[in-house]
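You will see two complexes here that share chain A, one where it goes with chain B and one where it goes with chain C.
Moving on to the complex of A and B:
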């Protein structure tokens, strides 16, 4: 036992007691469970047809090849609109949404959190209330709004329905709550006007929350087919997710194009993975700060 | 450089007033300390001076100008917060320079002033660090540095030492006093610690429940507390209070209750007679250091059993009971007194304070 501890110390690994070992094992099992779909997506995309339909299915691919991707590109090449147009749309919409949602959320959360204007609690409650609506419930009113605004078939039709994102306002608000009031007052005394306080004090101090919201916003817009389905009539205005969904729709009992669907799933997934890996550290900070236990005053941060 | 004047200042939250009718004049270059228990309105008053709280009623003048509706940035003040409120994402240098940058001071000038302040406060080595990497004392200095570079007319300090450990607190205490002498600016300092108030202030403002109790130099508030609250708040351990009656026996006036009978010196007796307090209930106040052991004074002795002995090193405190009332006496630390033993203590009659039992205000002198 002593030798093991010595070895752990040598490798700079933490020495754990019984309970911690138990928890760690439990977490490892959970994470394997969570990891499984990701591993499956990667392997599935590389499986030849012969392996796609094996029963019972294999998780790991035996003879990886690029046949599925070839099929996907073949299908894509034969469509009227070049695939690059869909990709451009998706990237443009996603980047725009990420910037827009982050900006709107932080701009909305700051006054609710720090300027206790009359009725700020009601406003916040309403924002939280909107979380409870199923997306399907608002599709028709949303359609009416977009149609009346005359932004059908434009990029605004993609952005606007996504712009108000209650979850991100909530996360931002909880995070800004943790910033001590004294910091803002000190900035006032230093001569900062309202917007300077926002720009130089609030925004830099909630970068972790910004990163989290960016991930959520990216995921929401990248895989969003609702706006393309409902508000875009022209094919060249639809996004990549929509294009892929047309490939894979109605495949439940169909053998054709299963390979292309598997490849498409991987392509859809990869940007999410990278964005998450890039921002994950900050995401954890946000969750810890705005967590449900979050009553702990973060005076420490300011000290 | 400017003085400050507060006229009939009120602060109300809904129906509860937290600052009531505060009138105060603060001279130019003065170091004034607001002291009182928590919730007495001292911080609120300071925050009203800073402009961080609205004023319900009354006026605040800085350098002869009414500042009620002036935004904090234009009041020509600087404030140091209890938790320092350093911007965590900026380096020490940027923290100190933030104000100057906002005021669009030329870069060279900013650099000169920041380095000068850093030199005064001995934080030159930390300029590139983030506040998170500093100790409490260093953060305190950065917060002071941020105030210094602005060259304000008035410095406001809101319990700046309460987050420091005891040793650091004593050190920073003298450093802030030195800083005041060096900058020759008006300082307004809020604390709940009477030691800080006594050691630092040119004048002390004692507040309770939103009302100023007494304003005076440390000597004045210590030697002539206007009421029981001030007497009990200033000084550690606090003043002893003993209830009793004033009675006349022949020519002499005595303070009398079941346990003690003290002859009052003739000058003070004269005052007490004039203020018509004879045969009325009064409260006698006496500081622990004015109760002596082995005194040569006649007459004013009490016999009591020692209930507790506290040794602080330099001195020793004896706790005794007089008619159920706890009384603390300060004696020589080398005296050999044990719990349970009987002592004879003498009251220094030149240092007696009398308060009205009903109003708790000081009677005569």
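Moving on to the complex of A and C:
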């Protein structure tokens, strides 16, 4: 159906030259390849058992039903903790992280970009430097820090380690750089205080960056298993992604629970897709300012 | 006396400047606290622990360079599997995913604006399935019996005569890992590059055409890439980080930890193996530091490619 719509739109565009049509055809073929696993997960989740293991396998479902979802809830019901608890944890942690990361990042990016306080260059070059490191590499010391802080087995153990996201501060700072200084100066002249400048000028003007950071933050926290595996001992504190990973243990060549796992994967995937669809236009706008430019390099050298 | 009062004055001036900016510092405090606690301190602790023997029960014992010496001279698991596997994985998925992102971004940028949205969504959506969902998406496609989609297709067209164990055979696991990683590599870096290409001013191309740049390939090389170097660098940094941090993928695909005959064993797996399973934290920390250094030099290399040249900085 989508393809037909695409084709119709294509026909309405007289400006496409031969080269563009060639590219379009190539990209359509490639997109089908890229989207195949995703189309497939939708179908797989709705397949009854009789269709899951037939030969030759079919990508598209013939008799869609909700059997897999029922099984998923059944699997969870037989364990001590209901699946709704995992889902609640996931939603709670993700919403909290998205709000937290966005707020903390924009709060930090604003002075770095506009105040030029002593040391702002050093702070920013450290952020650039850590952009290049993955926290996964230092999991063990992170574990030690979390246990020393006494936030093991609490929701803080889920939130706080995610809160420091150098990429989001970086994107925010680059975006705030585009806001003209005159706008801020004018507000000062009108007698605005720092907080009102922040609330009424900076925040409304960098909504695209906020949306982008929100997407990235959601992706990071929604599918995060690290905090659940390492920092949570009680099962009722773990999130849905972790529950999913227990379902898929030894899934290879294993018939049982494949349907339930597919249903769970769909539940994992859908929020990501919707949030991205919702914000994606803003994301491209922000990314235009994402470049790492010259001044930071010199800052990095002096650091 | 005058010296002292001078020093005092300078201190006073310094503090008054700091005081003047107190709000700025207050603004960055929440981030900096988390940053210090969960990024900076862990890195410092990792470096510190890497010189010790620490089993998480007794206090750490200083043993100098021994961990590093063992790592690069005696640890067969590391030298025979983790290191070569990581290099193979990183060299193909890092630059491969990066180049693919750029080519796709460029192709999409050549299309009318209305179509761009759909294609960029199609390319980006695989990276939405990152983490655990990825293995579920791919497992049934790569399952080892004839029900697996890949096997069934290849059997039907006669490329193979018996099903292959794509994710549990040591000869295929690494290739499957690379394929899946490449599939999901059109992430943030891809969007950055797409935005960067779209931002290049049209009159630059027109000027170049007057100067005799004819082919599109030359346009890319002489105009597009130099004009979007900052985005290229951002994309490269993202590609490197994503490449080196992936470790779980082999375990997820094969469903076994460690992966069959260590075929998909990466440095991250090695760190987790020693840190979480064997509780040799000091040794795990030394491996982490090694990985961080590896990441740093890969990034350095990209800075030298796309960073501003000496006279600009």
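Simple rule for what comes next: the second predicted complex is superposed on the first by the 240 of 303 C-alpha atoms of A that agree within 3 Å, B and C clash if a C-alpha of one lies under 4 Å from a C-alpha of the other, contacts with A are read in each partner's own complex, and residues count from 1 in each chain.
By definition in this document, contacts are C-beta pairs under 8 Å (C-beta built on N, C-alpha and C of every residue); 3 or more make two chains touch, one makes a residue touch a chain.
None of the values given here were measured: they were computed from a predicted structure.
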{"item": "Contacts of A:183 with chain B and chain C, given as first, second, both or neither", "value": "first"}
{"item": "Per-residue touch tally on chain A - higher for chain B or for chain C", "value": "C"}
{"item": "Touched partner set for A:192, first chain B, second chain C, both or neither", "value": "first"}
{"item": "First, second, both or neither for A:204, with chain B first and chain C second", "value": "first"}
{"item": "Touched partner set for A:219, first chain B, second chain C, both or neither", "value": "second"}
{"item": "Contacts of A:258 with chain B and chain C, given as first, second, both or neither", "value": "second"}
{"item": "Touched partner set for A:43, first chain B, second chain C, both or neither", "value": "neither"}
{"item": "Doubly contacted chain A residues - partners chain C and chain B", "value": "301"}
{"item": "Residue ranges of chain A in contact with chain C within the complex", "value": "6, 9-10, 13, 15-16, 19-20, 23-24, 26-27, 30-31, 34-35, 37-38, 40-41, 44, 53-57, 59, 104-105, 107-108, 110-112, 115, 117-118, 120, 123, 126-127, 130-145, 149, 160-161, 163-164, 166-167, 169, 194, 198, 216, 219, 223-225, 230, 241, 244-245, 248-254, 258, 261-262, 264-265, 268-269, 272-273, 276-277, 280-281, 283-288, 290-295, 297-298, 301"}
{"item": "Residue ranges of chain B touching chain A (in the complex, touch as defined)", "value": "50-52, 71-73, 77-79, 81-89, 98-99, 102-103, 131-132, 136, 139, 146, 150, 163"}
{"item": "Complex contact set, residues of chain C against chain A", "value": "17-18, 21, 23-25, 27-28, 30-32, 34-35, 37-43, 45-46, 49, 104, 107-108, 110-112, 114-115, 117-126, 128-133, 135-141, 143-149, 152, 156, 167-168, 183, 186, 188, 191-192, 194-196, 198-199, 228-231, 233-234, 237-238, 240-241, 244-245, 247-248, 252-256, 268, 271-272, 275-276, 281, 284-285, 288, 291-292, 295-296, 299, 303, 307-308, 312-313"}
{"item": "Interface residues, chain A side, partner chain B - complex", "value": "180, 182-183, 185-192, 196, 200-201, 204-205, 299, 301-303"}
